[in-house]
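This is the structure I have questions about; it appears just below.
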Amino acid sequence: MPLLWILVIVLCLGVAGYVLGRQRAMASAGGDRRILHSLPSYYGANVSIFTIVPALLVLTIWLFVQPVVIERQVTSMITDTAIEDAGSRGLVMTDVRRVAEGLEVAIEQGALTSEEAQNIRTEFTNVRSRLGEVGVALGGEVTPEVLDAAQRYRELNRIGNQMMTIVVLILAALGLGYAYARTHQEFRARNTVEYAILTILVLASTIAILTTVGIVLSMLFETFNFFQLYPAQDFFFGTEWAPTFESDASELGLLPLLWGTMYVSVIALLVAVPIGLFAAIYMAEYASARVRSFAKPLIEILAGIPTIVYGLFALITVGPLLRDYFAEPLGLGTSSSSVMTAGIVMGIMLIPFVSSLSDDIINAVPQSLRDGSFGLGATHSETVKQVILPAALPGIVGAILLAASRAIGETMIVVLGAGAAARLDLNPFEAMTTVTVKIVGQLTGDTDFSSPEALVAFALGLTLFVITLGLNVMALYIVRRYREQYE
Amino acid sequence: MSDATAPSPTAPTSSLLKQDDRTRRRNRAETRFRAYGMAAVIVGILALVLLLTSILSNGLSSFRQTFITFPVTLAEERLDPQGNRNPEEMARVTTFGYAPLLGQSFVEHVQSMGIETDLGPREMAAMISDEAPGQLRAMVLANPDIVGETITLELLAGGRIDGFFKGRVTMASAERDNNVSPEQLLLAEALREQGVMDTRFNWDFITAPDASGQRPEAAGLGVAILGSFYMMIVVLVLALPIGVAASIYLEEFAPKNRFTDLIEVNISNLAAVPSIVFGILGLAIFINFAGLPQSAPIVGGLVLTLMTLPTIIIATRASLRAVPPSIRSAALGLGASKMQSVFHHVLPLAAPGILTGTIIGLAQALGETAPLLLIGMVAFVREYPSAPPDGFFDPASALPVQVYNWTQRSDPAFVERASGAIIVLLVFLIFMNAVAILLRRRFERRW
Amino acid sequence: MNDMRAVERDVDTNDLKITARGVDVFYGDTHAIKDVDVDIVDNTVTAFIGPSGCGKSTFLRCLNRMNDTIDVARVEGSIMLDGEDIYDPKVDPVQLRAKVGMVFQKPNPFPKSIYDNVAYGPRIHGLAKDKAALDEIVEKSLRRAALWDEAKDRLDQPGTGLSGGQQQRLCIARAVATNPEVLLMDEPCSALDPIATAQIEELIDELRSRYSVVIVTHSMQQAARVSQKTAFFHLGELVEFGETGHIFTNPSDPRTESYITGRIG
Amino acid sequence: AVAQSRDNVQIAGSSTVLPYAAIVAEAFGENFEFPTPVVESGGSSTGLRRFCEGVGENTIDIANASRSIRENEIATCAENGVTDIIEVRIGYDGIVFASDIDGNSFEFTPEHWYLALAAELPVDGALVANPNTNWSEVGDLPDQAIAAYIPGTRHGTREVFEENVILQGCEDSGAMEAIMEINGGDEDAAEETCMAIRTDGVSTDIDGDYTETLARISANPEGIGVFGLAFYENNTDRLQVATMSGVEPTVETISTGEYPVSRPLFFYIKAAHIGVIPGLKEFASFFVSDDIAGPFGPLAAYGLVSDPELAETQAKIENEETM
Amino acid sequence: MNDMRAVERDVDTNDLKITARGVDVFYGDTHAIKDVDVDIVDNTVTAFIGPSGCGKSTFLRCLNRMNDTIDVARVEGSIMLDGEDIYDPKVDPVQLRAKVGMVFQKPNPFPKSIYDNVAYGPRIHGLAKDKAALDEIVEKSLRRAALWDEAKDRLDQPGTGLSGGQQQRLCIARAVATNPEVLLMDEPCSALDPIATAQIEELIDELRSRYSVVIVTHSMQQAARVSQKTAFFHLGELVEFGETGHIFTNPSDPRTESYITGRIG
């Protein structure tokens, strides 16, 4: 039975379970829902959950396990020499699967009957061209061995699918029956359902942890490799970033990159935070509902413009402008790409991160607090500064952190706006670069991928990860310290 | 309370209409503050206008394209030497066989119109897009019977000719340009007067797949739009519910201890992970470990989901936290379970913030290229992905990828197309977010 | 306004509904309730009186575990409802709160329509079969809370747009609508005019026939009028607890006496 | 359900090779029954990394590279089971120096570049920081401030630039010997010193691509940039090319080796995938066929310098000769 | 508790502080205040009484333009403070509110420390030269609001962690600290016990010597005790306004009489 059908049936059973569970609950209470422990819908949902969840769980597991099992069975039919020829077992299996699928397609299109498909022989038929006719392209001629395997593969798949259908449907029915039997007026259906929901919530939050684990693991190994090739203290304390194609001459010091990252991010935040915060305050506190309802989405578009547009804007417009009107008259250099350029343009991109989120949070501060302050003769700005912002602080800090995070992670604007030169310099009109740019650069460059010049990307990524972790801990601490909880 | 030495009241009843110094000072501060706010909003909108004008002025022209219309003789001896109209045999004639046919017909047509030109046949043929032979071949193979006939075709003009009509290429620049000559432009001018060439709206820009660097005029966004669409479906379907669910757990249910602090810090930290690192992760987990196909929107969508999650979670948690506890108490006091109080009362009140997080998160996900690099979606893809659900597993590119690729191409014609792609991307973004923006407006309220 | 108008009424039963023993509550380091023992009898109105800040609300919130929601609050001691320890880990606080309803000191209507405010409890507890039954419950509850006349034309308008006293009555209606076995009311009439107050007092008296009611009040007259039992708190301690008539006429603790006669605060 | 078979050829790697591969893929899709291959960019490093991840459907079939595969990489490949690799050289990429079309024209020698960009120059037996800031100071060149836009260190082009231009210039100018005298005859160290590029802002690394270099020259018309020949060919209306040692870079001069700065481009085929991934071998053969990669094919028209030894490459693919 | 204890007191002056003429207030379409004329005399306590929802708070909020902050509210008519129209566009509501302070019906302490809550007004109005002066103002205000004893040990703890009555007193202290010329108090004693109430009433009486005070109350006794003038509102209309003694002993409108004697609500 096709997967879709199984799903539909299980879902139908779920719906039926809902109705039945509800009915039974009502019946057990003699039609008076007040006697029930929970709302009737919870009883329904409870039965649904028991019907659907185990069945789908098994279905998912089955779908993952069956191919593995079948593959093991089928590859045992293929001689080692064939595998040797093809390079790997996986490739042979790819071929087998493709032939099997081809047969399937051929049957669907009526080019073969299923018997023919089962009995087709390479000796008598050119399988590749037969399948080619129905639009299934094969990489090469089909060997008898592969064809046999493919036929066996089909057979096993058919059996497997049948078994799966039966097992899943039985399980669904059992679940339904079990939960149905348990449905009774005193049964704590709401608690069960809420437990199920809570499980989902917990699972959802573990994804964040798994992602972190995944990120760390996917970089740890290569970072380790890097430090075997390149001394750690040179990396962490080196003030020179100059990779070359001759590994032994490379200087891969972290500090200039870190400095650039900090410098650019700070400038970007110096632009984005005041503008964003003021915009948020204006929209939430002063602007009329109409102004707000168009200004807010408009500013949000800034977050959606691809960063390459900002990059080009920095390169073509802002860079020369800053150079001609600030850097050169001030004698601060003649570079058109500079930390300043990238910072300012990135700041513009980050405005909506600060403004939109803060606007929502400010808007959520209860009106009674504003009234309290106005009633004491405070001006609107005093109210905002002394009552509303402190009350909205945690959310605003969250918004700023988000903006800072984007600033740290941005590449395109830095590449085009700040240049590619790693440099430890105080002059904001000098070209510099950031850790993220170099992660992308070294990863997507033309260097030897197992050389320190490429592997350094992973070390940079992991280091950045640790550093931002530290910053976040600090931010959390600050928020805890100054948080004001209104009622 | 008989203390009579109260702080002496300031000057007896001052006029309301005359402000005292302090009030004036405070009011000036107030005016300044308000002006800062307005200035901030204006700066934001101005920046947007500035960027949009540059995008629009560069990119609007990409929605128009120059076409050449002329009769083509489908010579049998070239296209079907055997003459039995067997598509399989006819397929042996490659596009290299079709190209001269087109050139020849074009030259003949120009001559028949009596237009004088110094151009040789090769240079004249070069005015037709390289895309044309492929189109003609596909047409002939689909309908072999037209071989031998003369049919009038509407074909794309080459990129430089098109650029000439859009003002990108001028006689002066053509002087120095190795790829086009002033004579070609003169001929194009003449042909336009004759109505053979004209520039008009080009749906293909939106529907056609990408084309190689030699054919800027044929490059379209079809595959990219589909790819982005599929990815955004995945992101929306996963990131929003997972993000909201995780936030609810962390903010409302999780015990407050070291461990949940760790998760909290961890999530904000994930937001600071450079997006390409998510690509590394996606390659390791989804492709190498889970065996999902490369260049597929499903993988792209999953990676972008992981990338967007922190944004949504941070926004959602902040707005959950902003809901006054008295609302929760009210519900709990009525015998609502915590779950009910959250879903019935807190969540609706936090909805604006959640939607904002979603808007910003999706905007970011829609515009991101770097994480797609490693999972194979920053690619040249010409085959359309099929309809869902299979389409999620077919190779596709994405809108920002197309922008990124096109800005790297050497032919200047791609600059215009990249800006055009950005316009499409922004329109896509606005459509995608319109629902969220409208919903958010509905949920906004003060209490 | 004749005060002390209510004199002795018979306490209808002697079944203990709630028994609190040795309850201590801490807010962080502050010891807000000190070793309090109270018995709430079924079908009675118990009044908690005492100076502002003495811990009445705090103790009231212990009775339906609303203190759980305050992070810094810690409750010790045992509180039994119908012989079951409500702080037992096995107890579902939700079920508890459905049984033990609460009207908060500060009116806190949901930012929803008046109708939805009142209908919320019945909806989550499944008290109404259909829309008509729900309408009826809403109307009845609003009537009982003496809000129907003012609210009937604006049921779909937000509850937060009501006047202070109206909000307070809305919260009472909301609590009554869920049909609890015990109703805890924290100064339910503080923002009400005398006539509305009288109507709410009537309601309390009516409720008493089926449930037990605990009411916090600052008005000695009100306590005397509606309650059968009175508990006097002072600085977190339960100074005296007994028959209302007895306490008001013949307090055994000097502190009670001075409070009632208006000498300590 | 996930175990769907891939039926398109999957290619990844160098962004220099990408445009050529895209042209071929496009033509392949037009002329064959097979679907158009997917060509990813991402750089030679990423391409080869993914190439060496293993064999199987969820790995790529072809890696594009703007340099040959390194020993290390072959070893990693082998560790992961990728043992049979076919190396295909598709032609050469010319590297040219170009400036704004309206500015001065230049006739360079490697020496000029060395003197202009080296970090330190040997003067009177000691190394001093490069003092040159004007082209007229380094040779018989126009009076124009030095502002060079050279590829960043992630680009393969940079390597070629350093070795074929800077190092060459170092040797030509006799600076190499002078340096060896100073450091006591250590040739490796001397080479390193030669190839160290100044970082005082006179030369700017470009981490993006040639379009960025072009944009920078538009922003600063005095700048001179390093481009690929194909890029220059497409932008002759905005750029003028400089000669190198008197030779103008064209497809012809590069293929004869007259013009000194060029590099070979490659792609690598996973032999194990041939016969499994439909169209793989056909694509590879099509790529190097005379129609495509020959001197008159579309690749040459786009700026690829075609390989004189194309016939050998064709045979190599035909016989599936692995490395 | 002896009610009606306060009888006639002399109204000290006859200077009109506030004159309201033909004031109408609309909430959207609801007509909440209908053509009300009221005079607030300097150095007097004026009480607003009336059933819940009749518009007392609404009218009170007109007097310092707090209704400006409600989007749907619209005020018509003229209100003069010291002969100046407070709705004049040239008038700065901030300065107005500094002169006309307000204590809200629902206590709304800022989520700040108790100290900062009280110091807020003096800080923004620059009433204290230095920290010591500020400390003094804070202490004094808390003392006047009868909160000092309870709060002195926890000045740095959040005001939101106080009990309901304490919050109310905190809000009074906060308003007193800014030293307004007119103080509007919306049911300032609703959550207070009798002793605390008496202290606040004393405070009001003390304030009267220098300012005028307007107080909304539901307690007839309280109105009689503290006020010299009383305004009775009913369904948005000002039914009667006059000397407190007169209104309570000899009301001219039958509605006033029935309200005072507890017949309409």
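Going in written order, the chains are labelled A, B, C, D and E, and every chain counts its residues from 1.
By our rule, a residue touches a chain if its C-beta (ideal position, glycine included) is under 8 Å from a C-beta of that chain, and two chains touch if they have at least 3 such contacts.
The model shown is predicted, which means the values in this text are computed figures rather than measured ones.
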Intersection of contact partners for chain C and chain D: A, B
Would you kindly count the fewest steps from chain A to chain E, each step being a jump to a chain that touches the current one? 1
So which has more C-beta pairs touching, B-D or B-C? B-D
Would you identify the chain whose C-alpha centroid lies closest to the centroid of all protein C-alpha atoms displayed? A
With centres defined as the mean of Cα atoms, the chain at greatest distance from chain E is chain D
Inter-chain centre distance, chain A versus chain C - centres from mean C-alpha coordinates, in Å: 49
Taking the mean of the CA coordinates per chain, how far is chain C from chain E in Å? 28
Round to the nearest whole Å and give the separation of the Cα centres of chain A and chain B. 19
CA centre of chain D versus CA centre of chain E: separation in Å? 82
Two or more other chains in contact with one residue: find those residues in chain D. 2-4, 6, 33, 41-42, 46, 54, 57
Among all residues of chain E, which ones touch two or more of the remaining chains? 94-96, 98-99, 106, 124-125, 199
Enumerate the residues of chain A that touch no fewer than two other chains. 190, 312, 367, 379, 382, 443-444, 485-487
Following the definition at the start, I'd like every touching pair of chains, please. A-B, A-C, A-D, A-E, B-C, B-D, B-E, C-E
Contact set on chain E toward chain A in their complex: 64, 66, 69, 71, 93-99, 101-104, 106, 108-112, 120-121, 124-125, 158, 160, 171, 174-175, 178, 180
Give the list of chain C residues in touch with chain E in this complex. 1, 3, 27, 49-53, 55, 57-58, 105-107, 146, 150, 154, 161-166, 168-169, 186-187, 190-199, 218, 220-221, 259, 262-265
Touching chain E in the complex, chain A uses residues 289, 367-379, 382, 386-387, 390-391, 484-487
Given the complex with chain A, which residues does chain B contribute to the contact? 26-27, 29-30, 33-34, 36-41, 43-45, 47-48, 50-52, 54-55, 241-243, 245-246, 248-250, 253-254, 261, 263-278, 280-281, 284-285, 306, 309-311, 313-315, 317-319, 321-326, 337, 339, 349-350, 352-353, 356-357, 359-360, 363-364, 366-367, 369-370, 373-374, 400, 403-404, 407, 418, 422, 425-426, 429-430, 433, 437, 441, 444, 446-447
Per the touch rule, the chain D residues reaching chain A in their complex are 1-7, 14, 16, 33-34, 41-46, 48-49, 52, 54-57, 65-67, 70, 72-73, 75-76, 81, 83-84, 152-159, 162, 192, 195-196, 199, 201, 204-208, 212, 215-216, 218-220, 271-281
